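Order of writing sets the labels: A, B, C and D. Residues in every chain begin at 1.
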Amino acid sequence: MRPCGTFDERYSQDMAILRIKRHWGLLIGALILLYLFPLFGSYYFISLVNSLCIGIIIVLGLQIVSGYCGQISFGQAAFMAVGAYTSAILTGKVGLSFFLALPISGIVAGLIGLGGGAPSLRIKGFYLAMATIAIHFVVMWLIPHLDITGKTQGLHPPAPQIGSFTFDSDEKIYYIIVTVMLLMTYGARNMVRTRVGRAFVAIRDNDLAAEVMGIELYRYKLLAFFISCFYAGIAGSLWAHWIQVVHPEQFTLLHALNYIGMLIVGGGGSIPGVFFGVIFLRLLDEGVMFAAPLLASIFPWIGIHPAASMSVSVFGIVLIIFLIYEPRGLAHRWEIFKTSYRLYPFSH
Amino acid sequence: MKEFLQLAIPGLMIGGLYSLVAAAIVLVYKSTRVVSLAHGQLLAFGGLFFWIGLVVLHLPLPISILLALVSSTIMGWLVERITLRPLIGQPLISAFLMTFAIFMALDGVFQLILKGESKTYATLLSLGEFEVVGVPIRVVQLISFAVVLLVFLLLALFFRFTKTGLGMRATAEDHQLSQSTGINVRTIFSLIWIISAIVASVAGMGTAYVMDIHFPLPYIGIKGLIVALFGGLDSLPGALLAGLILGILENLFAGYLDPLVGGGLKDVAAYVLLLIVLLVKPYGLFGLKRIERV
Amino acid sequence: MNFGGVAALSGVSFDVRKGEMLAVIGPNGAGKTSILNCINGFYRPQKGEMVFEDQNIYHLPPHQIARIGIGRTFQNIELFTGLSVLDNLMAARHLHLKRGAFAGAIYFGPARREEIRHREVVEDIIDLLEMEPYRKKVVGLLPYGVRKRVELGRALALEPKLLLLDEPMAGMNLEEKEDMARFIIDIHELKNIPIVLVEHDMEVVMDIAERLVVLDFGKKIAEGNPDEIRQNPLVIRAYLGEEESDNNQ
Amino acid sequence: MRKILCGVLIFTFLFVTGVLQSNAQKEVTYLSLADYTAAIAGLNVPGDMGTEDYFKELNAKGGVDGVKVKFIGVDTRYDVARGVSAYKRYRAEPKLLVANAIGTPIGKAVGPLATKDKIVQLVPGDGEFQANLGRIFVWGPTYQDAFAATVDWLLADWKKKGKTGMPKLGFISWDSAYGKEPLRGGKEYAEKRGVTLAPPEFFPPGTMDHTVYLSRLAKAEVNYIFVGGVDPTPTNVIRDAHKLGLTKTIQFFCDYWGPTSLGVRLHPEALEGTVIVSYYLRGDDARKHPLSNLWVKYGHGKLEDMNEVYTIGMLWAMTFEAGLKIALKEVGYKKLDGEAMYQAYQKLTGLERAGLQGPCAYSPTSRRGSWEVRFYQVRAGKVTSISDWIKAPDAVSLHKF
């Protein structure tokens, strides 16, 4: 968002994301608002923001592997499960602090995620996507059949703790989740505009040319998978300690598909797109879920079950409309808006 | 041996139905390069329409079949016309997501009709059973298997000998080229969706007959997708063979390995197989490897 | 080098001398592009050897060829369509940048300094090829001639020790061709690196190349300076085919 | 475009007036986190219909001492994230007293939240909540109790048939927490009574063909098979067993969520002879019950199309009504909260619920909805009662949770 008539004099200035004082002002204002939100937000909205932040972390990972590196992955839900379980085991059974378990669960998920990227040596495109679906199911079958994961019963990870302070409520863990989300966003935003990020886009846009430029395809594809699964693992760990239950039945393929949907609605290859996509689809999902009982109570002749079924359809229909009328995602709309703002008041 | 056959023969019968779903997916992929999740719903609705005709409206069997086929035709056409045609020229992942969106949109309708219950064709055709080497086989299963083979035969004939079929094969090779030779690619797309919807609905009637109509029926579509990949996304014979193989192997996995690992292997088996196949033969058993030119 | 029974290249051998501009010419299907593909590792010839600066590069994968210092452009433009001109060139600096994913994510400190340093190198190339107005434009939307230029710039950004250009002037109008020829000559003089120029159109290269290699049906039929080639009867027949022989009768 | 806008405006207007209307009187809230569109919809849809209809009837009669009950049913699609989100959304509803969380993982995820908010939570039948007493109440006897009662029944049956030795029992159910629950305690009970258990079979929910698992149980030469899963799963399992010819030699049992009369109607020949252990009325018993008329009254169709699970919904509602009555008497509407309701629920011991279920067993030391089960058998395509109410053995205490 640059107002008309702003120019750069140095390369460092041109490369900065925040270019003028107003940007810094906006950013700091937004951060203050975000951190003060639990003081005035209602319980439900705090919890909603928590779930949005976790969703954003997962989709950021997906954006890196799919949106930037072009390798579609349906494994996000499974790797989130890996992260959640690792964290739950490390804190619950080993007794590690949450703040150590958080990065470790990211790394563990990332390492297992390398297995998801392994087939990318030989296959690409949709075949690779299906391989990640296969990995999803293999992981989700393994989890309830191992002893360490509490089998089908799941685990109850404890709330995070610093000294004697426990982050045991939505308002408290909100600060952890939001902070981690901001850090992860900062990392992703910078990563995609530096060397590794350009290598990813090069692979996505033209893998032959990328190789000619000296980019080792397989290594960078694996790196992309590692990073995306790292993000999923971090999100899983946060989720586990927020809900305080990890259960094999809570990570399904439908979740993974939903994350891809968020990516598309938001727009591939764009970090703000992740925010748009996650927020739009999560709010839509919440909306249809709560419209159903409301509808049923206002128009009793509809009944609860048809209203619920309709909510499923509405979700599908909105996605259809989106794909037809805004195929490049909300991020594209945002770009158009930014450009017109840049030129304002001279529209030509 | 007897135990092996007891596992393999029912697997083969189910596998035939997987092949049909896979065939429907392969048809669409071959001509439009769209990988479809929506076929699970087309299948489920095929079964549902048949049930509506037979059980709700009490129509005679042939008319019910006709009703199901006609409704599926309309549905296939509508799906292509409304949702996928606007996406021509968009990235294929959008089209894939579109099929997912269709899946969700139709799932709501499917669940609305089902109300969590299970529907069946009740006592339609119970022609008894006979034994082959000690394995009981029901005549109905045999009939459904024969139908599977017949559909494949018809598809093969259609693509080899009719002008439309040839046009579709040409479209599969190159959209722009075939357009320039006077083939209307859009009509071909509509037609291919209609044909695939019909194939899926036949599979749906078969599956629903063997296993009733209840909530997981649409998810057979994902199985079909695995089978299609397993056989190679652009190969009809591959779909047939891969379906049969998967049907059998699934049962063998569950039969021999389940006790060792504590159950639940049946579904995972398909995915493990898929992973192995993709690593060994990246384009499926019969898929064409595309050579890239610089 | 065979493709399923079709011999694409056989018994072709030539060398590139330090600092020279070599043109490889020949009619359609002569195997010109195949030679480049063999050199930078896309194709794996069944027999033969390739030596670059006393190092055998036979059967090395493409990214290692790039590391050794061989850069190339493509006949059909193969750009990173989603990136801006600037980022396309920066992507080609990949081998010269050292910071990994983690440093990039943190950005402050070494990664940032590195980015700025290499930005300057890239800006020089942009100046050289006169691409300033397009700097921040996404390349997928640029006109054809400019995209060709971006590709040349991208190959330059690699800082190659040997530059392979695959039909840099294909599909251009006369004016664009002249511009492109000027850029190639500029690069050749400024960087003093050997350039292998593959071209379909003989007349264009005659003016700028110092030496030419002529291919036909995967075989080398002639080698020499432009004047020698112009008079070579084999070359004339290969280029003009039967018509020429009709005239002779 | 203008038409769409008009439509949206009218819709919003109706919406707003509806919302305003429903906020006018004294009311309490009953929340149901149910799965209407996925794996266990067969249980949840008719169940919540029953609850909703009973509350409508109750409100039409003026509610409990003038306090009306607001029913909210949310479709969670068997998804934990949705369940938790829905709970958090509705937790601020005026006087939310009871949350019914259907589906094991959702129950477990909502449990700590409901406990923190001090409201009463209901779950289907996991013995875990009886073993660790908290604010979570079970609908009826736990799953393991039903399994233990079945073991008793089959031993009597074995003796009645004049066979010697000990029978062998097979177990087949979903590969999930719910599917494995009956064996946590049930296994110990069977061992105590000397019944051998064949290795249990678990299949993924949504499996459509069960022949593999059944053949393996047949090979283990079991005499009885206990089938788990929510209808239509058990119906389909027994249908497959029938195809394999197993129903002739093996006696099948189903647990609470086994074939309803609708399931029986689909495959009468397959289900013939199947024994169902139940804590609520089934078949014609349920249909003859006067409360079943609500099914017709609220326009769900003909009485013979009624799913018996409908009555369970009414049971929840009746229990809620009784609990509310006690809580209102003790603290009054103003101070009414989840804590008061929790105390009231513990005083419901012995509550009779129109004979639809055995007397209520909620007490400070018990979370069971009742102790009694009764056995039904499919005879000539009808679910027929073959026993009176029997007190189920306590199998929960045998397992270390």
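Just so we're on the same page, a contact is a pair of C-beta atoms (placed from the backbone, for glycine too) under 8 Å apart; a residue touches a chain by one contact, two chains touch by 3 or more.
From a predicted model like this one, the values you see are computed outputs, not experimental measurements.
Asks: Report the chain whose CA-based centre is farthest from the CA-based centre of chain A.
Replies: C
Asks: If you average the Cα atoms of each chain, whose average lands nearest the overall Cα average?
Replies: Of the chains present, the most centrally placed is A.
Asks: How many angstrom between the C-alpha centroids of chain D and chain A?
Replies: The answer is 36 Å.
Asks: Centroid from C-alpha atoms only, then distance chain A to chain B, rounded to Å. What do you get?
Replies: Centres of chain A and chain B (C-alpha means) sit 33 Å apart.
Asks: Once you find the CA centre of chain A and the CA centre of chain C, what distance in Å lies between them?
Replies: 41
Asks: Between chain B and chain C, what is the gap in Å from one C-alpha centre to the other?
Replies: Spacing between the chain centres: roughly 48 Å.
Asks: At least two other chains touched by the same residue of chain A: list those residues.
Replies: 144, 208, 305, 309, 311-312 - these are the residues of chain A that touch more than one other chain.
Asks: Residues of chain B that contact two or more other chains, please.
Replies: Where chain B meets two or more other chains at a single residue, that happens at 107-108, 111, 115-116, 262-264, 267, 294.
Asks: Enumerate the residues of chain D that touch no fewer than two other chains.
Replies: 36-37, 45, 175
Asks: Would you tell me which residues of chain D are touching chain B in their complex?
Replies: 36-46, 175, 199, 201-209, 211-213, 215-216, 219, 231-232, 235-236, 239, 243-245, 262-263, 266-267, 307
Asks: Tell me, which parts of chain D touch chain A in their complex?
Replies: Spelled out, the residues of chain D in touch with chain A are 14-15, 18-19, 22, 36-37, 45, 48-49, 52, 56, 70-75, 77-82, 84-86, 88-89, 91-92, 104-105, 108-109, 111-112, 116, 175-177, 179-180.
Asks: Note which residues of chain A are touching chain D in the complex, please.
Replies: Residue positions touching the partner: 42-44, 47-48, 51, 144, 151-154, 169-170, 243-245, 247-250, 252, 254-255, 285-286, 289-290, 292-294, 296-300, 303-305, 308-309, 311-312.
Asks: List the residues on chain C that touch chain A in their complex, please.
Replies: Against chain A, the touching part of chain C is residues 40, 42, 61-63, 65-67, 71-72, 74, 78-83, 87, 90-95, 97, 99-101, 103-107, 111-112, 114-116, 119-120, 123, 154, 158.
Asks: Which stretch or stretches of chain B touch chain D in the complex?
Replies: Touching chain D from chain B are residues 3, 6-7, 10, 14, 107-108, 111, 114-120, 122, 136, 138, 207, 210-212, 214-217, 219-220, 251, 254-255, 258-259, 262-264, 266-267.
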